[in-house]
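Structures are listed in the sections that come next.
In the two assemblies presented below, chain A is common to both, partnered first by chain B and then by chain C.
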Partner chain A sequence: MSLLEVRDLQTHFFTRAGVVKAVDDVSFDVAAGEVIGLVGESGSGKSVTGLSILGLVDSPGRIVAGSVKLAGQELVGLAPAKLRALRGQRLAMVFQDPMSVLNPVLTIATQMRLALEAHGRVSNEAARARSIDALTAVRIPDAAQRLDAYPHQFSGGMRQRVAIAIALLHRPALIVCDEPTTALDVSIQAQILTEMRGLVRHLGMALIWISHDLATVSSLASRILVMYAGRIIEEGPTAAVLRSPRHPYSRGLLQSLPSRAEPGQDLAQIPGSTPSLLRLPEGCSFRPRCSEKTDACLRMPEIERHGARAFRCHHPHAAEVP
Partner chain B sequence: MDEPLARIWAEFRENRVAVGALVVVAAIALIALLAPLIAPQNPYDLASLVLMDARRPPGFVGSGGYVHILGTDAQGRDLFSAILYGLRISIQIGVAAGAVALVLGAVLGTSAAYFGGRIEAFIMRIVDLQLSFPAILLALMLSALLGKGMPQLVAALVTAQYAYFARTAHGAASVERSKEYVEAALSTPLPARTVVFRHILPNCLPPLIVVATVQIANSIALEATLSFLGLGLPPTEPSLGMLIANGFQYMLSGRYWISIYPGIALIVLIVAINLVGDQVRDQLNPRLKR
Partner chain C sequence: MSALVEVRDVSRQFAPRLSLGEKIAAALGSAIEMRTVHALDRVSLAIDPGEVVGLVGESGCGKSTLGRVIAGILQPTSGTASIAGEPVMTGGRKRTKRVQMVFQDPFASLDPRMRVGRAIAEGPLAHGIVGRNDAGSYVAKWLDAVGLDPDFASRFPHQFSGGQRQRIAIARALAMQPDVLVCDEPVASLDVSIQAQIINLFLKLRRELGLTMLFISHDLGLVRHIADRIAIMYLGRIVESGDARRAYTNPLHPYTRALLDSVPKLVLADGEIVSFKAIHGELPSALSPPSGCHFHLRCPHAVDLCRSKVPQLREIEAARRAACHLAPIG
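Then we have the complex of A and B:
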């Protein structure tokens, strides 16, 4: 049994302008110790998928259907108090902006102790020892000393490490990271990615890494899920997806990576932009931007599974010849 | 990584006027605290007052055998002693009313921001309603209703002033409420009061401290006004406002000292507190940070 089972998840936002289907029919599994990369453009529903798993979707959004099971326990429809008890302890989330996730007027020690106290009594010494352990795990030098510093005394990368350390405090089974390195320098990104890889291996926790950046995801995740307009349109082992994307959108994403371009050559682009979730085109959502579109695409393609790989397209690119 | 307090003091020290004002405030507070030791006479002990000595000019040697350096009032009170005791009352009332109003306003404002919705609307509309009345009018009505005495006076001043704190706390807390660290803390089983008191309130303190310095000076002035109008403390325990009022009728007959000296003491105290408050405001306002 997988650690996390997401089945037919639908999260809709009921706005004045209409119903926004931010997450539409999303299903996937995450095994313990596995790193999943959730990739897509802004507005593809990847962040809302992450928030839905933790039950953090705010009004006017709501999970309207589907199920999210953590180690067999259903999370959708769970009482708020029970969900709160799980958050931070079994489930944790790391956000994009390390500036706003830390309270500017409390020392790191106080904030970590509050995070520990949230899930039961803990003595001052024990709280300190566990905080130092967590900070050391994310490679903050002089953790014992830095514990008494305030957030503004840390650099952006260090602050994100502290946020990750707070997420690690209770040794959660699953951590959802929502673009945690997007706000950081490329060199710091690489460091944090390396450390995360080590942590996952060392602690055996599952990780969902949400990003718009295929490059960071590919260096970390063993499996990639590509989202477009609220649906998963391609899924598979990282290496296989990168080598031979089946969906035209995944291929477009790969081709638009700067590292793939020759010097002096224009970057490849996917024509058009993400459709408004309020006015999705009929049939396949990617149809208006797709170079392979035919009349068949006026019908929403079902997800097709072939072994470890899956895609949602009537005209997939040829599978790799082994 | 020097201590925050040391850093604040280093910046404060750069403003000489503010440092001078702080010294004056501290000196007045010290004198007021030690009033029973310094004052030649206990102005509240009616038995020790000698009517023969009434309305004597500064420098007069009374029947007590000591010099009335600031003269005496209409009951024969030594004005210097009366001013010391009056400052004592003013500071007590100012600090007490300011502190109670600060706590009450901070609790109301942050709770309003935390709960949101109807509770927020209810609390903040009451605050708005109250802010639309002049504070002096409210304080006048309340002290007329509640009667004379220290607790009643403080209650009247608190009612007239908590709204400023509530408004300030609500504004600051609303901003903090939407920050991710508050959302994150609320998504765990951490009790709501811990989130409010440990996460939200400390972030609202700088603006509240600024309002507090201004409001302490305001409550001192308000108390003096009420006493001047005869609504503050009983006449047997004259505060500065009442001393000024008592001497008012003798102003035109040349006995200026009964009103003037308590007035000067009051002005010096209020101006000094305001100067300190201005500097604190400049330092805590992130928009004026150099």
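Then we have the complex of A and C:
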């Protein structure tokens, strides 16, 4: 049995302008200790998928259908108190902006103690010791002294490390990281990626790494899910998908990377822009931008599975010849 | 060939405004800690006509400040920036029409209450580049040049996507017919699939108009694609400059090498694990930069000389310069 089973998840936002189908018909599994990369552009539904797993979708959004099971336990429709007991304990999330998580007027020590106390009684000494351990695990130097500092006394990279340390406190089975290094400089990003890889290996946590950056995901995740307009359109082992994408969108995205072209030459570009989730085109959402489209595409393609690979397309690119 | 853009020994400091209490305390003779940020420290840079120079660095390195000095938005504290021999600014005001700027965020750089056509025509009308009667066709011409429908002139910015807005911002800059375009992270806020469209637009405009560009970005892959020459900044100083391709294949400065090693690459082989040679430590504060070479605290090769003496940008090989006592590093 997988650690996490997401089935036919649909999260919609009921706005004045209409129903925004942010996540539509999303299914995937995460095994214990597995690192999954969830990639897509803005508005593809990757963040809302992450929030839906933790039951953090706020009004006007709502999970309208589907199921999210953690180690067999259904999370959709679970009482808020029960969900709260799981969040932080079994499930944790790290966001793009660490200041959206950290309270600016409390010391790190206080915030970490509160996170520990939320899931059981703990003495001050034990809380301190566990906090120092968690900060050391994310390589914050002089953790014992830094524990008494306030968030503003840390740099952006260090704040993100603190946010990760708080997520690690209860050794959750699954951490969802939503663009955690996007706001950081490349040199700091490289440090955090290296540390995350070590942590996942040592602690055996599963990780869902949400990002728009294919290269970051490829350095971390063993499996990749590509989202477009609220749906998973391709899935498979990371290197295999990046080597031979089957869906025209994944392929277009890869070919548009400057690293794939000769300097100074025009980049391969996907025409048009992502559709509004309020007015999705009929059939396949990628159809208006797709070079392979035919009349068949007016019907939404079902997800097709071939071994470890899966894609949602009537006209997939040829499979890799082994 | 003489350079079109010439930046000579430009420094720029940002001093915080003192509060009334601090002013009184200073007048009474108490020592006020001046928290001055040294954003640029004696920077020199030349750009030839028709050349695209990529300016790369991490946040806080001064790359945007340098861009703003060249674009005539910021007055340097000392030193001069000039275009074709004329200073960009004199007496605290921009004096030249030869340079225009494109900003990162097209949601902030366009007036939400001004129709796109008026936004594009505003500068050219004020400077007499185009007469009022011809403004409509002039705007249409520039909208067309950036790949937008000329009918869009009557719309407002909120009716456009991020990529389209950035095209409008580019059209607005180009309508002033500048010789030099300073682009500060022009695609950083756009989606990956839209980034390629805008990069292609820059390549096309460059071919058609022979634009000279300073392309500021933190994205090394992007700069490699678009720039002929690259300048790498660290904490207010240029640490390496020269041919872009050679900087990538054979970096001269340890910081350039470290930066290149930090960039994640696409992993295409099953089970391959890439290792990052992450630079240890963090960017020091620009309030109190380290002595000598600014990079010495994080540099794996640092020796005593690096702590005491500021390295000058010097030619290491033909047309390639680095500010490192030890360059070229093996």
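In the analysis below, the second predicted complex is superposed on the first by the 322 of 322 C-alpha atoms of A that agree within 3 Å, B and C clash if a C-alpha of one lies under 4 Å from a C-alpha of the other, contacts with A are read in each partner's own complex, and residues count from 1 in each chain.
One rule holds in what follows: contacts are C-beta pairs under 8 Å (C-beta built on N, C-alpha and C of every residue); 3 or more make two chains touch, one makes a residue touch a chain.
These numbers come from a predicted model, not from an experiment.
J.: Looking at the overlay, what does A:P104 touch: chain B (first), chain C (second), both, or neither?
T.: First partner only.
J.: Is the number of chain A residues in contact higher for chain B or for chain C?
T.: Of the two chains, more chain A residues are contacted by C.
J.: Is A:S218 contacted by the first partner chain B, the second partner chain C, both or neither?
T.: second
J.: State whether A:E304 touches chain B only (first), chain C only (second), both chains, or neither.
T.: neither
J.: Mind working out whether A:S273 is in touch with chain B, chain C, both or neither, as first, second, both or neither?
T.: A:S273: touches chain C, not chain B.
J.: When the two structures are overlaid on chain A, which partner does A:D185 contact: first (chain B), second (chain C), both, or neither?
T.: In the superposition, A:D185 touches chain C alone.
J.: Just which bits of chain A does chain B share with chain C as contact spots?
T.: Correct list for chain A: none, the interfaces share no residue.
J.: Which residues of chain A touch chain B in the complex?
T.: Going through chain A, the ones touching chain B are 54, 56, 81, 84-85, 87-88, 93, 95, 97, 100-106, 110-111, 114-115, 117-119, 149, 153.
J.: Going by the contact rule at the top, pick out the chain C residues touching chain A in the complex.
T.: Touch residues, chain C against chain A: 58-59, 161, 163-164, 191-197, 199-200, 203-204, 218, 220-222, 224-226, 244-245, 258-259, 261-280, 282-283.
J.: Mind pulling up the chain B residues that touch chain A in the complex?
T.: 1, 179-181, 183-185, 187-190, 194, 198-199, 202-203, 205
J.: Which residues of chain A touch chain C once you look at their complex with the stated criterion?
T.: Its residues touching chain C are 41-42, 155, 157-158, 185-191, 193-194, 197, 212-216, 218-219, 237-240, 242-243, 252-254, 256-259, 261, 263-271, 273-274.
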